[in-house]
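All remarks here apply to the structure that follows.
Should a chain be cited, it is by its letter among A, B and C, assigned in written order, with residues numbered from 1 in that chain.
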Amino acid sequence: MKTFIGWAYLAALFAFIFAPIAASVVFSFNSDRFPTLPLGHFTTDWYARAFSRPEVWQAIGNSLIVAAATSAIASFIGFATAYTDFRYGFRFKPAYLALALLPPTLPLVILGLAMLAWLSQVGLSGTLTGIIIAHVVLATPFAMAICRLRLSQMDPSLESAAWNLGAGPWTAMRHVILPFCAPAIVSALCLTAAVSFDEFIVAWFVSGLNRTVPVLILEILQGNVDPQINAIGTVVFLTSMSLVIAAQFLIFRKRRHE
Amino acid sequence: MNASRKFDPYAYVWRLPLLLWQGAFFVIPLIFMAAMSFWLVKNYRMEPTFVFDNWERMLGRGAFWDAYWITLWRAVLAGVIASAIAFPASLFLAFRLTNSGRRFALLCLIVPFFTSFLVRAYAWQVILAESGPVNAALGGLGLGPFTMLNSGFGAMVGYLTLVLPLVVIFQTWSLAAIDKSLIEAAGNLGASAWATLVRVIIPAAKTGLVLGALFAFIMTFGDFVSPFYLGGSKPPTLTILIIDTTKSGQQWPRAAVVAIVMILTLFAVATAAVKAAYRGRG
Amino acid sequence: MNEPLVQFRAVHKRFGTYVAVKSLDLDIQRGEFLALMGPSGCGKTTTLRMLAGLEAPTSGSITIGGKVMNEVPPHRRDTPLVWQSLALFPFLSVVENVEFGLRMRGVDARERRERAMMWLGRMDLKGFESRRIDQLSGGQRQRVALARSLVTEPEMLLLDEPLSALDAHLVIRMQGVLTRLQKELGITFVYVTHSQSEAFAMADRVVIMGHGAIEQIGRPREIFRGPKTRFVAEFVGRNNILGGTVKAGLMDSAQGPVSVPAPDGPAEIVVAADRVTVSRNRPAGTAIQASFLSEEFAGTGIICYFETAEGAEWKAQVSESQLAELQPESGQSFWLSWDPARAHVMTG
């Protein structure tokens, strides 16, 4: 009986957390503009309408460019930082690590404002470059955490062993550290792309006319209620989820082998 | 001479990217924002100067303090409510599930972080609408209709959607890490289930419980989607104030004042919470 | 002519304020099997790492083959190391691991595969070349690590406690493999260990280190029977140590006067446990009295532990039949005696 109440409570909590996600998928295939119970009939009309709008495709293009550039740069910086933490001790290292991990704790609205103000000063506001810059700031800590986790599973003498067998520092990096971290790096690429693909507040502040998909959703939302949002949202959700699942899969598959 | 003292370009290739990027695009923008709060806007352009006009104007306004207290109050409330709702579920996850079951549940709880919160808020808008599915179901029982949107309740639904997964993850981690023999020992010494919970389990998991509540506070404090789309933006929160001031008024320096007050508040709360979380620990 | 392969001259190594190695002078000959032995923190591993170039000496010089190597980075040396953790690359197959050193030296693919396969054959690993490292047993991994280090045919092989992770029966087998290999190849082995059985079983010469300095260098038997310092006597073997001032062949030790063949003045003697005779009644000659504590079965006999009235611990090795005859019980008093001529007088 006690266990049953436990399961019921857990199920209710999960239902609350996942209700909006599930509802948005269901509504995206539902014919009513204002869905209620009972549901209307099945339709793909909202998808057809949403994806016949040129600005949606424009936004998808922008989002893909931003996500790809963000994930490449953030994964590189994240890996470099994780390797530095793994390999070197130096003065001010706590401050260095704080710089590496703090950005996600700052409210996005504040980061958006600071970015907007600063990027306007340097003439990058309203450009995709501006969004990429801001997203790298946000996504780097995730990449760093993933790579650091992987490095902590590595025998520290592996790198020295490579030097000992005739590999210089760069060669050891290429032949030992990078192959060892490969799954973590791919996983960081996926996760940082997902972070960028979903972020809309900072992007909204700095994007100007170059809207990404979530910014477009935000702007549609400010107008009329429109189930096209559910259609676009479902596609965004599926994209992010495939990236996250790919990332998880890579981390876990590797772990089982060790 | 010691070889390790020499300048090593290899080391700096890995060390510098973070310093350069987060320095140029995180630290400097924040410093610039602080400096900007002392600038003035004339003819829709910012002019560098050093005056306290923006500070006096914002902090001297009753509307600002109304927004401040409502934001702080909601963040505290969300922290407490989310912790209370999450705790029984976390207990169950930590003590009644197998390791792999628990890992799967926590993995599921990470999923929401990678879905657009905006789309989720929109879904709540539809679900909680006056003619939406919830009211339709309640109507079938002869209740309602209730107005749930554009109210503190609506905003709280949004906040909880945002923070509950993280709070459950934090609580479950710290509860699952408790040495099980501690609990058995308490039972062995004749402690009731309730006494074991209050005297043994909660103190042992304190760090995770406090950190969970802290993160709920931080996320609620900085959220603008819930109060805007589900809370009806009246009364406005600090985040709505920042966006309104930035987007419509072009008054970036005044928005910066709000942002700095928010950062200081977050810093104070986080410091106090972390101190509380680790008090009495090695 | 017979110039040593390696020379350490006044080598110091500091980590911050911690002195790991101090004023180290050591010659390593071509083709010898040298063991560096001592308790943990004695500086033996640091010495080995300096030889491989993984640490640079704070002062002093290290020459290999007549060339000063202080500032030469590890990858420009040919000093392969067999690591305590083995440090095999988990993302490479067995044969790719063995090839690694040749690949780094730019040896072409076909030749390096041939040479790697030759070494795998030599290490009884034929048929395992495409396995992953985690599919091998501990002993097999050990041999892969050896093959990987030897494939470049170096003049010297460094080994850092390579057997410490193996089961006892495998340790003995690997000791055989290592000594045979060293004799066949005729190259220098520098072997770091804290285990005296490993060092004494394999090495031509043993270096005992303590607190960052060399305590004694010598052949295993010399060190075993003739420890120079109290540190060595305590670290090596089962020894009893007795100190005092000698006058006319008699030392006024804490356990009473004992006969010592040494010149007048302060002295310390070492009596090995296997040279102590245990008896219930006072024998003629040099003997001290002590009460029985406990016994312990060792490979070569039984070690009995005693305590003197002054609180010093004494060890004596007896055979099983002697033990049966003595039937010691805890707290009973016995006499421990030895032939003064076979006690070792320390000079360090």
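Keep in mind that, in the parts below, contacts are C-beta pairs under 8 Å (C-beta built on N, C-alpha and C of every residue); 3 or more make two chains touch, one makes a residue touch a chain.
Remember, predicted model here, so these are calculated numbers, not experimental data.
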Of all the chains shown, whose C-alpha centre falls nearest the centre of every protein C-alpha atom combined? A
Of A-B and A-C, the pair with more C-beta contacts is A-B
Need the CA-centroid distance for the pair chain B / chain C, whole Å please. 59
Separation of the C-alpha centres, chain A versus chain B, in whole Å, is 18
Round to the nearest whole Å and give the separation of the Cα centres of chain A and chain C. 54
Please give the residue numbers of chain B that touch chain A in the complex, ascending. 10-11, 13-15, 17-19, 21-23, 25-30, 32-33, 36, 85-86, 88-89, 92-93, 96, 105, 107-112, 114-127, 129, 131-133, 135-137, 140, 160-161, 164-165, 168, 218, 221-224, 229, 239, 242-243, 246, 252, 255-256, 259, 262-263, 266, 270
Which stretch or stretches of chain A touch chain C in the complex? 155, 157-158, 160-168, 171-172, 175-176, 179-180, 182, 257-258
Under the definition above, what is the set of chain A residues touching chain B in their complex? 3, 6-7, 9-10, 13-14, 16-21, 23-24, 27, 34-38, 73, 76-77, 80-81, 83-84, 87-88, 96, 99-100, 103, 105-111, 113-119, 121, 133-134, 136-137, 140, 144, 169-170, 194-195, 198, 200-201, 205, 214, 217-218, 221, 225, 229-230, 233, 236-237, 240-241, 243-244, 248
Chain C contacts chain A in the complex at 52-54, 73-75, 78-81, 83-85, 87, 89-92, 100-101, 103-105, 134, 148-149, 152
